[in-house]
Every structure is written in structure tokens, then in C-alpha cells.
Amino acid sequence: MKEFEMQESGQDRKLRAKVGVYICECGPNIAGKVDLDRIITDISELDDYQDVELVVKKYGFLCSAPGKEYLEEEINSNGFTHLVIGACSPRDHDSTFMGVCKKTDLNPYLYRIINIREHCSWVIDDKEKATVKAESYIRGGIARVLRQSELFEKPLDINPDVLIIGGGVAGMEAALSLSSDDRRVFLVEKTDRLGGVSIDLSGILPGQGEVIGKKIESVLGNGNIRVFLNTRVENVIGFLGNFEIELLSEENTEITEIMSGAIVVAAGGTLFDPRESDRYSYSGSDEVYTSLSIEKMFAGDDGAVLRSGKQPSSVALIHCVGREEKNYCSGICCSYMMKLACFFKKQSADIQVTEFYRDICLPKKNDQERFSEAQAAGVALIRIKDISLKGTNVSFERISGDKDKQSFDMVVLAPALEPSADTEYFADLLTVPLDEFGFFQEVHKMTNPVGTATDGVFIVGAAHGPKGVSDSMQFARASAGQILTRLIPGEKLIPEVAVTEISEAYCTGCGNCLEVCVYGAIYSDDSRGISVVNEAVCRGCGNCFGSCPSGALRTKHFTNTQLYREVDEALR
Amino acid sequence: MTDAQGKGAVLPVSKDPGDAILEFLRLAVAKELADAVILPMKVPSGDSFAWILMNDVSLFEGAVPIAAAMPVQGAKALRSLTRKGPGNLTVIAVMRPCEIRAAIELEKLGQVHTDNLILATYDCPGAIPLQKYVDDPGGSEEHFSLMRRSGKPDNTAKPVCHYCENFSMFDSDLHFGYFGFSEKEVLVIPGSDKGSELLKGLDLDLAKDLSDWKKGIDSLKAEREEARKSAFEETGEQLRGFSGMQSVFASCIGCHNCQSACPICYCRLCYFDSETAQQDPDALITAAAKRGGVSLPEDRIMFHVGRMTHMSLSCVSCGQCTDACPVSIPVAGVFSYVADRTQRTFEYEAGRNDGDPLPLRQFRKSELPGIHELVKNAESEEPSHE
Amino acid sequence: MSQTGNILVIGAGIAGMKASLMLAGASSKVYLVEKLPIIGGKVIKNEESFPNLECSTCMVAPIQQDVLQNPNIETLTYSVVEKIEGSAGDFSVVIRKRARYISLTDCIGCGMCYEPCPVSLKNEWEENLIDRKAIYVPCSGSLPNVPVIDSEHCLRIGGGEDCSLCAEACAFEAINLDDSDEIIEVNVGAVILATGSATFDLSSIPDLGYGTLPGVYAPMEFERLFASNGPTLGEITLRDSEKIPESVAIIHCVGRREQKYCSAVCCMYSFKFARFLKHKIPSVRVFNIYSDICVPGKSYQSFYRSVEGADTEMLYTSSIGDVSVSESGSGLKVSYPDAAVSPQSLNVDMVILAAALVADPDVAQLAEVAGVDLDPQGFIKTVLDGSGSMETSREGVFVAGTAEGPKDIQNSVVQAESAAGQVAEIMTSQASSS
Amino acid sequence: MEKSSEFTPAIVGFLCNWCTYAAADLAGSSKLELPPSFTVIRVMCSSRIDHNLLLSTFFKGADGILVAGCHPGDCHYGEGNYYARRRFALLKKVMETLDMDPERLQLSWVSAAEGKRYAEVVGEFTEKIKELGPNPIKNSTRF
């Protein structure tokens, strides 16, 4: 008897192949439309492989509990080296039969499910044709499975600790959610204090100042959170579970090296500079203010007053500053502008307050109250199409098309929220792409909004997109949710098994694969002049494979040799 | 390109433009503006040239900056020197525009590092196929000298040279222009900051207006464009139907010389030589049984088509593949024709140094609307972007 | 406490599935209870989801598969939670697994049983746009792909007749017409409520003609009309199944005044509908009648700008609450006050009402069972509103997704991740303290 | 050579696991009729498909090849299909320039919900290939 060399295994182990071919009748679903007995005879007599022993059988329902037991018994008693299941879609039962293999000595990657139901019996009416087709698919499965290789899970040790970049509300929230006796948190803040923008907002919402203050206290008092102030992140390498980080303190210019399993980026946002648009004639020195500076004034003892210290008798609140320039609605300005209007009214009912808005955007279920409160407080609401400022003189076009002018003592602008100046730096450092607006791009807008292309790096707060305090905290908690459920102290991570590998003999280091990899799973090994796959990060999509002219890559379980064999049989 | 000022410096010529270039290089090395140069040199037998990296000025004597033949594509020489990194030496390489363009493509592919290279081109009269040169070096030199004076390749030149439009200044650091005017001087034109620095270091004044020279180049270009059109028409005709291509490549012996000679085929080992690319013997037997017969080895045409998908976007039409073919298949004619079309599909021009990434490494979310239209509107040759 | 590792998740929509998968991944045993016979929630009703117009099935089907194949998740479809007693860390839960009459393990989803069933009914999941049998799956591509018998309308179970045609057609003996409800008791350490929301009752505004004028559609009806796996296989036709609308008006903010909040998703789905319409019917004229555009967050406005003018004409009304729809010949007339408050009207073939998201009608009962408070709008209330915490008024019980308030898919997922994180936090602290 | 009237083409479809393969399953469970001459080969992503695989499939004798994956923007792996589209466009252009019947190669986007469309795409493509007749490459490889 000849020996069959496993071409794809990359090992010099030789063994004689014995392939089990089990066809599921799926009741009448397959058996009724396909002549299984003929297939069994034909395949058993297949003389393509003189050196391979084939055992071909059918069974009622392979996916049923007795079916699985039967299969397990058959694998064990026959000592199959490979297994082909002719049944339904792998989307239904691939994992079922892989599970059966796992109970035996047969490596689950030496089995193949062939879909003769959705691709044959359910869609081809003519029994003769369906039979021929099913036989062809099964032959393809046998040809392919013989070129498959054993693959093994490679569990990875992880570090459960977390680096959080940014000490604003989002960063603090994440830190508090994550820290525990078996998980340390490193909270890095570039300024000399925690709290971020929210400090300036304190005192506005009832109890909020207190809440932020308490939060800062509990962060500072938490033994499992190490706070680095006046510190920047200098360098990051690694991947989910294993990041190596260098921190640089401004004070002693010393590098601190830390390790973490995940990184939460809470780098915050900043306000659109009204000077970027000439319509607001904003200088920062007259009686035109940004909303944030008014928030600060209200938080102080004197309330919002003119530079002279006098109370304004009329105030214009202008919404949507920068909305068209940035091409997004920040989603929070309407709400806080209504709030500011009420504060002015509360400061003195004599202040004439006018809001100029384009659309009312109050996307939170309780926000609408703000609108009613402002209306009740006697705030004038003017819907406009267009607006421009000269000092505190406001020229505007009403929605009806009428043009008008009004003068005020004070004008307050609601600038859009934009990414902070550090965003690009961190994007580069963490190899996370930015979106068209300059915010960090999430790996999937809907199903994974806090995750990034670099698994293990999470984006929260205004670094992700314009959002207010409560949404920032919500996103922070979401990132904590991912980390808490994925990086469990003492447990290992099991990365994707069917990943891509690169042959050193063929790779020229041209970097095609590296450029197209969405996950940053490929890096360049300059000393060897080749590209290398980080198997802990690779998801096995094969995009790199498609980009390589040298054929230096091999996407395991979907190699060209395997696919060519399927093609050969399809065209037989 | 920084020749926007439209000015160049003038180098005096004693015998031919090559001497002026050599003198220029001597000066650059003497003034320590460059550590070494890469130039073609006649081999001792006198029937070919070799690339020599030299820092000994006395060797310059035997160098031929504007050589009649191109035995090894210059980009390959640059790759040998810089594939591991830019190195510490400043090296001036004087090469044909197609060689420099290939080097620029290879840089995008991580195979050449030009950081410390000063890439210099010259008005290229065309190249004489190596076999012809080996057979008759003397006659070839005479032909080449005439071509150099006229700027027009004659029938001894490689076929692709006849319709090469990129024979003059492209994206090099420095260009030596001499077509269309007296044999008394050579223009030296900076094409980048590196080039300008070098000229400044040599105290060369950008005094000469380039418009006359450019006019001459443009009129030569127009002629080449005409030639290109008719050559492509002819190639298109040859390739009509699958049988057309089949007969073009019918005599292919599968030696893969074209691939070895190609400067763009940068792979360490060719995919088509790999085990994966080979037909499974089991499949060959069943295919033969089904079709009545199969040719062995089976991949001759597939090899060429596959290579076109691998390198046509970076093909610089240097013609080395045709030179390398032992059975005289017009490989370069076909590749140049295909490259012209594929590069236009992605609005890409091989050899440009404008920071454009390679087409297959990027995408636009909205592009290539209905890829099938690409085929239907083949004749219009509209770029397929939205 | 031996049971601390167990978790109950109610509702198998995107939020519930996401939370279940996360916690199952952290080695918790999850009981995922869904009242419908299938999992997937509202998202799978959409062919494409805004703002990227991403194929929802492609996005959600892998998640559904993961849920069904995860050994740590016990998915209980067609089931309701009847009791949650005890306290955080040790809840005892009573689940009624309603009689499905079809074995989830034996049935392979071949569909041979539908044909013989003599009963014909409206398919509620398909917004009554198509018929179904008494034995049915809600839609093609249902997961799990196992039918259910509508016992109320089944001739045998509900009507006492001697019919067993479905069981006879089944080759797998998967149908048990004598099936009965099953009561399951489980112990869990924490509960996540992810039961979703409903759409505003459109018939409560008679002036808009919903329910009386056939050309007026609810948003979910239109979603199904557009869906390639929907009742018309994606062909947009009016209720006569023939006429293709030549003009469509989409009326914004329906129910905003009544509910006293903005649902934050209606503008976006209205623009999505405009894009769909224009895509399928290039000659169609689409009008969006609005008074405020609410497109918060990055990438929503740019979608709006890409649709505005290109796919739809934007008609501003000074009072969205005063828009009305009436019959006009074979079509519909939409009347509205314009920017100058003067009355305008418009004749169209089809009207889509952009209805608000409202609390699910079943949520009050759920709140009672779960012992949690509701907010004034009828959604499940979080105790630390605005802090991102998903904990409800009952310790150990969390909420996620639109059960907490109107929101888009992104924010539902973020809340699910937050809730899962909070549960994981409790689980680990309990595990380490015990 | 077979006459085109009785010609049964050999067509290979490379389908992405997440969208089009799911659509094929949906077509199957909806019992839509599909041509027996169409063979499905599953890959994880359309971007996995390299030029050699497609060319080799042609040279092995396929009369037509359908590559189908998620709609642009829907890729399970984020951006794979955008790259696939470019690679496909290149091969298509090469085939067109070489007069190699580029219509034999088709790229379609079919989402997981589009079971019916999947059947239509496969049906229409099969009809097109029937009209084109056998791939001349098939016989050429004899020489």
C-alpha cells in the first residue's frame, strides 16, 4: 500500500489516508431528491485515489443526538484520517460536526462539510441532475479534505490591566468600572488635573459638580487605579491581551514602561473655533462668547455678565455654529442652549433672551422638557435659514424667507464639538484609522461602536464622535463591558485558528499585504526583509492573500491548493 | 518637478553628451557632493555593458553614461544596492528614464530605497536589443550615434523604443537634455530639491531657458504617439480572439526568462514556479480524460496572463522581456499594450513619484460603478471612476 | 452561591443577543428568553440600516448564528418570564416556554408542513402584508428556522377539529400536536431586560388616515415592503400589489407631540426610505415633510445631505402636528401649513408616517414581573439617569436598548455592552468574595 | 464541439461566507430553482480571491466564473470587498485587452437577505454563458 503524503501539512509526518464519507439523508430532504445509493456506489468505487481508502455511508439525521453519537463511534472505530460530511449548509452545522471531531482523535480541520441540500437537493428538481451534482460536490469535498491540514488552537496568556488615555469623565468612568483587586488601571492625563471639560460644566446641573468632584476623589482614592498626570503616551506596541506602553512624564522627562491588556482612548473633544467661519465675526474679546465660556461664568459667583461686569439686557443664543462647516450635528447643543436660556432668565427675568436655531435636535427622551421650560420662561425662539453677525448685531433670514436684523448686548455661540488636537497623534500611535470627520473610526458603526481595527484599543467619549457627558460615560461603560467580558484575569484568549501565514522563502517584503490588512495583523520584519503575520490578531479573511503576487501567503483552511482541488472536481 | 522655472544649466560638450555627463559626475565626486556613481561600463570583450558602482574617479574613463544597449535593467542594479535600506553613501545613478521609472515603482514595493540616491536621466534615443549589439558592436554604435543625434530610434532599436513617450525627463532628480540642438552643449535640469542642491553645490547657474529644448522634445513625442497608436492597433489585431493570444505565445518554451529580466517582477521566487501553481497530477489525468488531451506543462499562457495581472500596473515598457525571449515572442509589445490599459483604468502612471500609492493598495468607496460597464465601454477608454 | 454565574437576558434583539454573547464569552451560563418564535429583534426587519445602508441580515445573521451555536447560551424562544423573585445574586426565575408544537431538535426547517395547512391568516411579523398558515415561520431566513403553530387559529388545537395535515407532511416526526406549555425554573445572579420598543399607535391620529386610507403606511410596513426577503420580495407596490407609487410623501415627527419626546431615529429612517424609493423606482418623486431635522452625531448629517435634493424634496411645515392626509381621486392628498403658515397641499400615491418609538405595550407587565420602575414615558427607568449605568430600580436587574428609551442600533449596542459590563463586574466581585 | 443549444456550461461561483453564501442558503431554503451547472465554492471573503485562482479556474476549463460577496460597505471584515473590486477590475481589464471573453467573469454583490436575487444572478449569468458558448480556453490547453 502506498503512503499518502499530506502536501499541505508542512510536517514530514506521513500517513495512510482513510477518508470517511458520511451522507446525511436529512429525511426526504436529501434522500428524496438525490439517489444516495448510487452516490455511495460511485464514490466507493472511485479510482482517483489508489492510495486512499474510502468508507462511504449514509445516515438518517447526522445532526441529531444519535447521529452525532454514531458519527463519533464511526470515527473512532474506523480510525479515519479525514472526514467528509455530505449534508446541509456549514452555516447550520459546521460547528456541530467540528464538535463531534473534537471528541475524537480526528483534528476538526481534517473534516469538511459539503452542502448538498441548499446547493443540490433543494434547488435542483431533476433527480438525475441533482444526484450528479451532489456526487460532484462530494468528490470535491474528498479532494479538498485530503489537502487540509491539522490546525490547533493556541491559547494566549493575557494581562488583564488596562491603560486609559484621558482623565475626563469618560476616562474616569472607565477606570472606576474596570479597576478591581485583580485588574489594575493606569489612567494617563496630559494636564495637571482630572475631570476634563466637565470641570467647567460643574455647578450647572443640580448636583453635577458634586458628582464630578466625588468621581475625582474616588479615582484618586482607588488603590487599583494609578493616575499619571502631566503625562503623555509615548509609544505603544502589542495587541489585545499584551500591550507594551511607554509613558513620558513632563515633570521628570522619565519614561515609565507599563504593560496592559487593553487600551481605552478617552482623549476627548474640543470646540469648533468660530473664527474658522467669517459669518460670526468672533474675536474672543468682545461681547460674543462661546457656550463653554458662558458655562464657566454661570459656574462662577457672578453669573453671566458683560465684560464691564454689567448684566446684559438682551442675549442672543445662536445654534449650529460650525454644523455646516463640519457637516455633522453635534446633537447636544440644542439641549444645553435651552438650558443656558433658562439660566439667563433665572439670573434675571428682565433679560430678553432670543434663540436662533435651524432645527431643534433633542435626541434624548428627557430633553424635550428643556424646550418646554425655555418656552415657559419666555425665551423667544426664532427659526432661521441663515444668519450672520457683526459684533453683537445679528442679521438673519427667517424660515419664511423674511430678512431681519436685531441688536443684542451679548451673543452666545454654540460651536460644534470636534476631535481634540491629539486625535491624529493617537491614531498614528495606535494604528487606528480616523473617519472623514477626524474622529476615531469604530470597527463597526453598529455592532461594535467602541471597538477599533486594532483589537484591544477602544474609543469612548468625544474621541469617538460628538457627545455629551452622559453618552460619554455610557460609551466608557461599554468599553469596560468589552474588557471585563474578554480579558478575564487568569484565563487565556483563544485567537482565530484559520489564520494566514507567510512563507519566508517566497516573501519579498513588498508590503502589499501589510497595507491592505484592516486589522494591522501584519508587520514588516526589516532584518529579514519580509512581512510577518501576528497570528493573535489575524482574523483569516484572506485579503492579504489576494494582494500577494508571490503566493507567499497561505490562509489556512482556505489555501489555493485546497480551493484548486474543489475547482478541479467542479470542472471534471 | 521643480523645473517649473523652465531653466537649466549648461554643460560644455567635447566629444559627445556622455563626456559632458562624466565630467559633471567627476566634479560632483571631487566636491564630495556624491560618494559614488552607478554607470554602465563596456565589458572587456567589448560587446556588452555592465553596471558598475564606482567611487574611483579614474575608472570613469571607461564608463559610457549613454550606452547603446541595456543588458540589465538599471532598476535591478539599484535594487541590489539598496534593497535592505538607503545606506549611508550618496550615489548618483545615471540611467534611462524607463530604468529610473522602474526604480520608482520598486521603491513603492519596498525593493529600492532612493533616500540617498540621486536619480539622473537623459534624453534617451532608444536601446539596441542586446543580441543585435553582441552580434555587431561596431555597427550598433554607429546606428546608436545617429539615433542620439536625431532623437529618433531607427530600425535597429527595440520595438518598444519606437513608441516610448517617456524617453525624456520624467520624475528624476536630475535630467541631462541634449535632443534637438548642437552637439556643443548638454542641459542639466533639476527635477527635485536633491537635484537643485547638487547643481547649487557645483555652482551651476540655471541660466538657460528650456523652451527650445522642450519644443523639440514635444515634437518627438508627437511622432512617438502616432507610432504608439499604430503599434497598439497592430497588437490589438494580433490578440483578437483567444486564438490570437494563443498564437502570439504559441512558441513559448516556459523558460520564464521574461520574468527574470523584468525589473518589476520583484518576487524572490515566482509564484508560477511554486508548487501551489502546479496542476495537481490527479487533475491533469482527469482533465485529459475529459478533453481528450492536455498540454504539459500546462501553464504557458496562464503564466503570461497571470504575470500581466501581477505587474502590468507597474510596467514601464522597458522591453527587457522581449530581449530575454529565446524564441522571439514580442512579449513587451503585448505587456506594454495591456499595461497602458490597466494603468488607465486606475488613473495611474507607473514610474511617477507623486506619492500616489499603488492602485491595488487603496480604494475609493465610490468607484468602478458597474464593473461590467468597464468592458462594454472599452472603446471609449473613459476612466472608470465616478 | 452556586448559581451566581447564571444570567437571565430577556429579549433576543440586537441588545439582548450582544449582551448574551459577551457574558457567555466570559463563561457565564445565559438564559436568553424571547417571546417570539425567532430571534433577531427589530433590526432584521430592515433590509438595510442607516447611516451606511448596511445589509442588516449580513450584519445580524452571524450574531444570531453565534447565539444559537454558543454552548453557554440557552435560547428559549416563544417563551415569557413569569416571575423573578429573590435578590441580586440569587434570583429565582420562572419561565413559561409556550407550546411550539414543533421540536426544535427534530425539525430541520424544510417547510413541508406549511403547504397542507388549510388555515390562512395575516402574517403579523410581515406587518400583515402577506398571509401565513397556522403553522409557519415568521419570515424566510428565520432563526431558528423552525416553525410554530398558532394554537389559537389551528383547526385542531384551537378549533378542536380532527386535522393533522401538518404532522402527516412532516418526515421527521417533529410535530407534536399534543405539546403543552412548559414551566422552567432557573436561578440567576443578574437580569438584563432588553425587550425593545414599539412604534407609536398611528390610528390614534385619525387625520393621518392610517388604517383607513390604504395608501398610508407605517414605517415597519415600508421596511418589509422594501426587504428582498419580505412579502413582495423587495418590490415596492401599493396594497393592491400592482401599482408602483409614482410619488411618496414621508411625514416626520408623527407622535412626537403626543409622546413629548423626539425619537432621534425617525429623520434618519425617513431619509433612508427616500434613498430606497429612488433606488428602486428612479422616476419616483419623494417629499419629506418636516419641521425639524434631528440627525445627531457624526455621519448622520452627511447622509441627510446626500439624500436631500437628490432623492427627496424637503418640504418645511410650520406645524407638523397640523399635517393631514385625505383621499383624493385614486390617490392621497397631504395638507400642511408651510413656512408662512399658509395652507399647502400635495397629491401623492403613498404616504409613510415616520412614527415615534414608544414603550412596548408589554413592558408594564414585564416591569411588574421584574419589579422595576418605569419612567414617565413608559420606558424602563435607570436609577442613575445620565451616568451611563444601566441598573434599574431593582438591584441586580439591568436594562439595555430601546426598552430604556428610543435610540438607534449603535446606542442600543453600547447600552448592551454597558449592561453586560456591569453584570460581569458583579459576577467577578461575587466570585472573588465567595 | 458541443452545439450551443445542448451546451451545459461549467460555471464556478466563489461566494463570500457572510453574505452571498448566506443568500445561497436562503435561496435553498426557499426552494428556488438553480442551474445544476453552477458549482459553489465558499471563501471567507471576496478579497481572498486572487488573480491566480480565477485564471487558473478558467484555464482548468470553466466557462464562467461568478465572484460574489457583500455589497460595498457591508464587508464582514470592513473593507475586503473594496480591495476585491479593484483586483477584479484589473483582471477584467486584462481579459478585455487580451480579448479573452471578459463577460465570462462576473462580480456581483448579493447580500444575505437576497436569496431571490441570488437565484436571479446565477440564472442570468448561466444564460449569458450559454449564449457565449464553451470557453475557447478549454480546448486550447490541449496544445
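When the chains are written out, they are named A, B, C and D in that same order, and each has its own residue count from 1.
Everything that follows uses one rule, which is that a residue touches a chain if its C-beta (ideal position, glycine included) is under 8 Å from a C-beta of that chain, and two chains touch if they have at least 3 such contacts.
Every value quoted in this text rests on a predicted model; they were computed, and no experiment measured them.
Visitor: Of all the chains shown, whose C-alpha centre falls nearest the centre of every protein C-alpha atom combined?
Guide: A
Visitor: Go ahead and note the Å separation of the Cα centroids belonging to chain A and chain D.
Guide: Going by mean C-alpha positions, chain A sits 31 Å from chain D.
Visitor: CA centre of chain B versus CA centre of chain C: separation in Å?
Guide: 62
Visitor: At what distance in angstrom does the C-alpha mean of chain D lie from that of chain C?
Guide: Roughly 35 Å separates the two chain centres.
Visitor: Could you put a whole-Å number on the gap between the CA centroids of chain A and chain C?
Guide: Here chain A and chain C have centroids separated by 24 Å.
Visitor: Spell out, as numbers or ranges, the residues of chain D touching 2 or more other chains.
Guide: 22, 29, 31, 52, 56, 60-61, 73, 76, 79, 83, 87
Visitor: At which residue positions does chain B touch at least two other chains?
Guide: 271, 277, 283, 287, 290, 310, 360, 362
Visitor: Among all residues of chain A, which ones touch two or more of the remaining chains?
Guide: 91, 444, 516, 547, 551, 560, 564, 568, 571, in rising order.
Visitor: How do the chains pair up in terms of touching? List each pair.
Guide: Contacting pairs: A-B, A-C, A-D, B-D, C-D.
Visitor: Give every residue of chain C touching chain D within the complex, in rising order.
Guide: 47, 52-59, 61-62, 109, 111, 140-141, 145, 227-229, 233-234
Visitor: Spell out the residues on chain D that touch chain A in their complex, using ranges where they run on.
Guide: Those residues of chain D that touch chain A are 10, 12, 21-22, 24-25, 27-29, 31-34, 36, 39-45, 47-50, 52-53, 56-57, 60-62, 76-80, 83-84, 87, 119.
Visitor: Write out the stretch or stretches of chain D touching chain C in their complex.
Guide: 18-19, 22, 26, 29-31, 70-71, 73-74, 76, 111-117
Visitor: Could you list, by residue number, the parts of chain A that touch chain D in their complex?
Guide: 89-92, 115, 117-119, 122-126, 129-130, 132-133, 136-137, 140, 443-444, 453, 498, 516, 518, 539-543, 545-548, 551, 555, 558, 560, 563-564, 566-568, 570-571
Visitor: Help me check something: in the complex, which residues belonging to chain B touch chain A?
Guide: Contact set of chain B toward chain A: 83-85, 109-111, 266-271, 274-277, 280, 282-283, 286-287, 290, 310-311, 357-358, 360-362.
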